[in-house]
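Two complexes follow with chain A in common, the first pairing it with chain B and the second with chain C.
On to the complex of A and B.
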């Protein structure tokens, strides 16, 4: 094999993925149209893919996607490279410590996989708006925080306008925790979203506060005694910063005293930092397994060459090994995908009460006691009593005094699981 | 069938559109729903908001109509973070009170505020839990150990201590807040 021009494809470069794109198989999705067009699509900038997170999962995802033939990949990450990342985030070297993960990862992939363009963004996902996210065909998440996932999920699902199919962006989400992980596909408003599954997410380890205060048995109890009970008493004005070595030293020393008092062993500086920052162990191989499944789902989604996962795959490696795939149910009362978006036009001269009357008469939604808020303001709240009294005077105010044309008003009702997002325009 | 290839082609034309008004976060919508669920709370509880536009910070007043603490007015602050309902609300008693499950800094030992919190629970569940510990203080999970020992060993003295503390008295060298109206 001879490669003269490293930016062009050499003979048979994509032979293996092409097996799936050039011919139909017994399991192909109904209506599947194999052929050159599909191969070209994957390689073109019409198929733009966003990878959210360039950490343990992100490095694997970028490598997998580039090697499968995606050639226009964007990656977003706010973090810089730390020495502790080098044991598994294999796109980074010692010389890269302190640099942007997104930038270094992009450069590495572009050097290694010819013809693949990776565009980094060194910043927060919240820095980008709907216009940015709307340029992608698929959003792939390799994140390690519940907060970032919730934001991404709500933003992508909120962008989906049922009247405009081009606003539909599937999310493929991978996550790992030690020897466990999961990979799932979210089709906005069609399948369960991240918020629907909030109950399944591991929450930070918490112990009963009375155990911490009176009957500690574990080193973690002693550390939480220092962080939850002693710290607020000693420094009521300061929040604990897990990255501040002085804070960790203070907590470590107090936790050690506590442990000595109760004859508990195992309080270390590393454990103190782990408990305070809620660090979950990251295993390189688990990232590789989950990222592989996640990248394959993205490939199948982009091409329809085979059915995608329906819709949640759990990988459980901490008790023997098994995987379990099941269709996670949408929650009717989900505040993200259980909201119906409705555009209405009213006169800004209407009183808020008139808007509420219109909602009560609206066929299809059985509103009885609607509460209305904009993203920053309580317009009218049915309960509790004090809020109802405080917002009641608004009923007589004009809509144009309370919000602006184009604002979104969220309507909830104790009688209804779903909520409405009214995008209100004044005539 | 979801066809990404056909979707993308349409999208290229309107990619420049976008830029809609800021969306309400999932946490805010969830809190708004939680408030709707407070329409039938018992008369012994009232919720008040320093700023009615801010659902993330509010206070709860409990006036037990039965049990050891009947006649007292007990105040709690609720702080909700963006992590809600993944994370439990932060609840503190804002007065210094004599109670086996509440320490002198206002920390409350209530399982659903920590180890047993689940996103299916809501503000209403927490309020009912708080009311319950005034009706049935639990000496087996103490935060104020001295009070728990008294409750376990000498109920009459516990009643006396509670009454004294609620008037703003001193017990074991600790001066408690007057919680009688």
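On to the complex of A and C.
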């Protein structure tokens, strides 16, 4: 045993994964080549893994990958550590509050798992370009927002050039909420992608503004009255910071006043924070389950020692223990990985603004800031400013004035690297 | 709860308190957990229990850290090599949460199981891995007789296994998706008065659009019952055609030109409103059982309150009211008033039951009688109580037991994970016979495939099952696994084990009954009740 050099492996250190990497079996992927070469590949910088997110899933993923023998791991996260992370993000301690998640997590893993190199990036996924993402063999996402997942998915799939197999980067994606979660593998243009399943996302509950303003019934209505109506009036210059206890205190006190006035019970500080920050409950155990399933797929993808999931596994743990694994179908008209255009029928009497509102709402598209053009002209462009101003009058025009039934409208989104071909027919 | 050297528990535990609230957290903080063998699967389980703040844990382990132990376990490292595994794991696990204290006991689990069953009485949950079949069997008997929940967890190659054993686990807060108890079919006095206070034809359009759907349905049902009483025998519209007629009646109350969101809500709720308020069968069974129990000083609150509820049901014909009103389109005043009516009525029911419970315990000298908070929580969830009683592992392992036929039936489904379950049992039988796991040494893989096939065949025969039940490919893969404990599988099963442990400790949500097997190659899980 060479235990003098802190970066070298000790004999039998990797016995557990090596059993699979040194032996073939009837369930291994066809053409599987076990042996030292494979073991060395996993340990080498030829097998570079990117972990997107260093939160609840990210901490688990880094640990799992490091202990499966991956030695060149990169991690991106723009967040800093908050006290409420400590119940599950086990690489962080109270003394780390306020520091970069990616940096603290990387350091912890390198200290604990000798010989593993973790490279942090404290910043946004959008700060990095295709050249950066193309250095990795596998991209693993442990994210908590739909937007970030869509961006990552569209970027990685957009990089794939079918002529050049080296541009094909599998994505393994995990997500959790309370006692539930899911793990899936996305093989660009081969399996369903994140965008294909966008309509599976449950939309967050929103309350009509007139209820909030006039006929509140629930404590949530009172809290939103404070955050959506009172706050902008009282502090027009300041955005609400859900992590600032003074902001929460002010909202809580105003919401309480509102609730007392109407005889509504149930406004608490906890609920105020939950509504303002849209908090999703999160626990160590669910994160562990989902991250482990996700890292397990990454290990199988990298080695071919066993087949990968086909292609989506969900876990439900609140009543008994239920998992369901199924192949999610690719959508031929997916704006990211599909080849067909999306067909919709609207009334020619619709204003362009109404068409845009539909694209914002439609479960399969859910765009944020769409720009629309036909093959010949711009209908509405979000940017640059001059073009926005020039096309803004079109919003009030009828669709039938702007293009003909059966025309293709190309939709792009300032926040997402996607382009949607929309064939619009008038009723 | 702020203290000088750390954050408050409300802040630190915010994301989990939203799932099990302060009383669930207190139960967690009161728990004392025993973990047997500090392998990766067990330390991962512990990690997920220490982070949310269990009371304390003890690791029972008498091994010295081997090179492979330190390779797949995050709570061991190169410095642990050659030192006691339990001691090293406890030191690193203790860093996770300053509120949780762990200790280790350097004793051979087999010896403790064989000779010192009192040892286990200090704990309210036992988690174990890497025990021989004989030890599992003996431990199962100890825990079953002492009423301590036991979890056997395992990661064997790409196979994951968890078995939960609990004599009786009573759940008040099962957290169902919905807990609707509006009693529209059998309204109580205050509810009728409330409904009568709405004179629909006289309302302004704005007010009409804000009549709560509960009122719309109450009025419709009233009309249905009175006008059509002879034809419908005063019954609720329960057949398909009756329900359609009833929906037409609801629609007939609409006012043209007035926004009708409240009527839409009413129509959606028709099905439920037309189902008579009854006592679910599983709840009747619980109440019946409560009557057969003799209340003594150590009777759990659950059974005392259940008995009080049973008496309440005998008296009134109904379970106590849940007292919750789902959100519905309404103006503030009508909604708040409706909420108050339900809440007050639920409170009255709870008070009656609390009085009942108090008189039941006074006769039995129960040390801590159920308080009103506990009773109210019980009443609120009275329609969703759950009891989980698992079989004992020892009974499952008896090869001649009647479980075998059931296993054989399940094994006919080749896609099910039952083959993996049988494979693991065969692996243990192999170990018992050969003192090593199949395929542990590279040079024995080939010969062990043949040996394991024989073990499988004789095991299946003893169970009265067909010897060819397990296919050769699966047996080959099991030998290939060579008792390796892949970290991903250890972490997955540790996650699953801790999740079920949390449910057992907090007595909230519904735990697994009783076996979960995960196929990490296909990424497919399956639950079985043995």
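Quick note on the criterion: the second predicted complex is superposed on the first by the 287 of 427 C-alpha atoms of A that agree within 3 Å, B and C clash if a C-alpha of one lies under 4 Å from a C-alpha of the other, contacts with A are read in each partner's own complex, and residues count from 1 in each chain.
Keep in mind that, in the parts below, contacts are C-beta pairs under 8 Å (C-beta built on N, C-alpha and C of every residue); 3 or more make two chains touch, one makes a residue touch a chain.
Here the structure is a predicted model, which is why all the values come from computation and not from measurement.
Participant: Between chain B (first) and chain C (second), which, if any, makes contact with A:396: first, second, both or neither?
Facilitator: Once the two structures are laid over each other on A, A:396 reaches no partner at all.
Participant: A:297 in the overlay: touching chain B, chain C, both, or neither? Say first, second, both or neither.
Facilitator: second
Participant: Between chain B (first) and chain C (second), which, if any, makes contact with A:427: first, second, both or neither?
Facilitator: Neither chain B nor chain C is touched by A:427.
Participant: I'd like to know which partner A:246 touches here: chain B for first, chain C for second, both or neither.
Facilitator: So A:246 meets neither chain B nor chain C here.
Participant: Looking at A:378 after the superposition, I want to know if it touches chain B, chain C, both of them or none. Which is it: first, second, both, neither?
Facilitator: The answer is first: A:378 touches chain B but not chain C.
Participant: Is A:187 in contact with chain B, with chain C, with both, or with neither (first, second, both, neither)?
Facilitator: A:187 contacts chain B only, not chain C.
Participant: Pick one for A:361: touches chain B only (first), chain C only (second), both, or neither.
Facilitator: neither
Participant: Do chain B and chain C touch any of the same residues on chain A, and if so, which?
Facilitator: After superposing on chain A, no chain A residue contacts both chain B and chain C.
Participant: Under the definition above, what is the set of chain A residues touching chain B in their complex?
Facilitator: Touch residues, chain A against chain B: 29-32, 37-38, 41, 46-48, 129-131, 134-135, 137-138, 146-147, 150-151, 154-155, 158, 164-166, 168, 170, 187, 195, 198-199, 201, 203-204, 206-210, 213-214, 228-229, 232-233, 301-304, 333, 335-336, 339, 369, 371, 373-378, 381-387, 390-391, 406-408, 410, 412-414, 419, 421, 423.
Participant: With touch defined as at the start, can you tell me which chain A residues reach chain C in the complex?
Facilitator: Interface residues on the chain A side: 1, 3, 6, 10-17, 19-20, 22-27, 60, 63-64, 67-68, 83-84, 86-88, 90, 93-94, 97, 112-114, 178-179, 183, 215-218, 262-265, 270, 273-274, 279-293, 295-297, 299-300, 306-310, 313, 315, 317-323, 325.
Participant: Which positions of chain B touch chain A when the two form their complex?
Facilitator: 1-5, 7-12, 14-30, 32-33, 35-39, 41, 46-49, 52-53, 55, 82-83, 85-87, 101, 103, 105, 107-109, 111, 113-115, 117-120, 141-143, 145
Participant: Tell me, which parts of chain C touch chain A in their complex?
Facilitator: Chain C residues touching chain A: 6-7, 10-19, 40, 44, 47-48, 51-53, 66-68, 70-74, 77-78, 81, 95-98, 157-158, 174-176, 210, 327-328, 330-333, 335-336, 339, 439, 442, 445, 472-473, 476-477, 480-482, 484-489, 491-492, 494-496, 498-500, 502, 509-513, 516, 518, 520-527.
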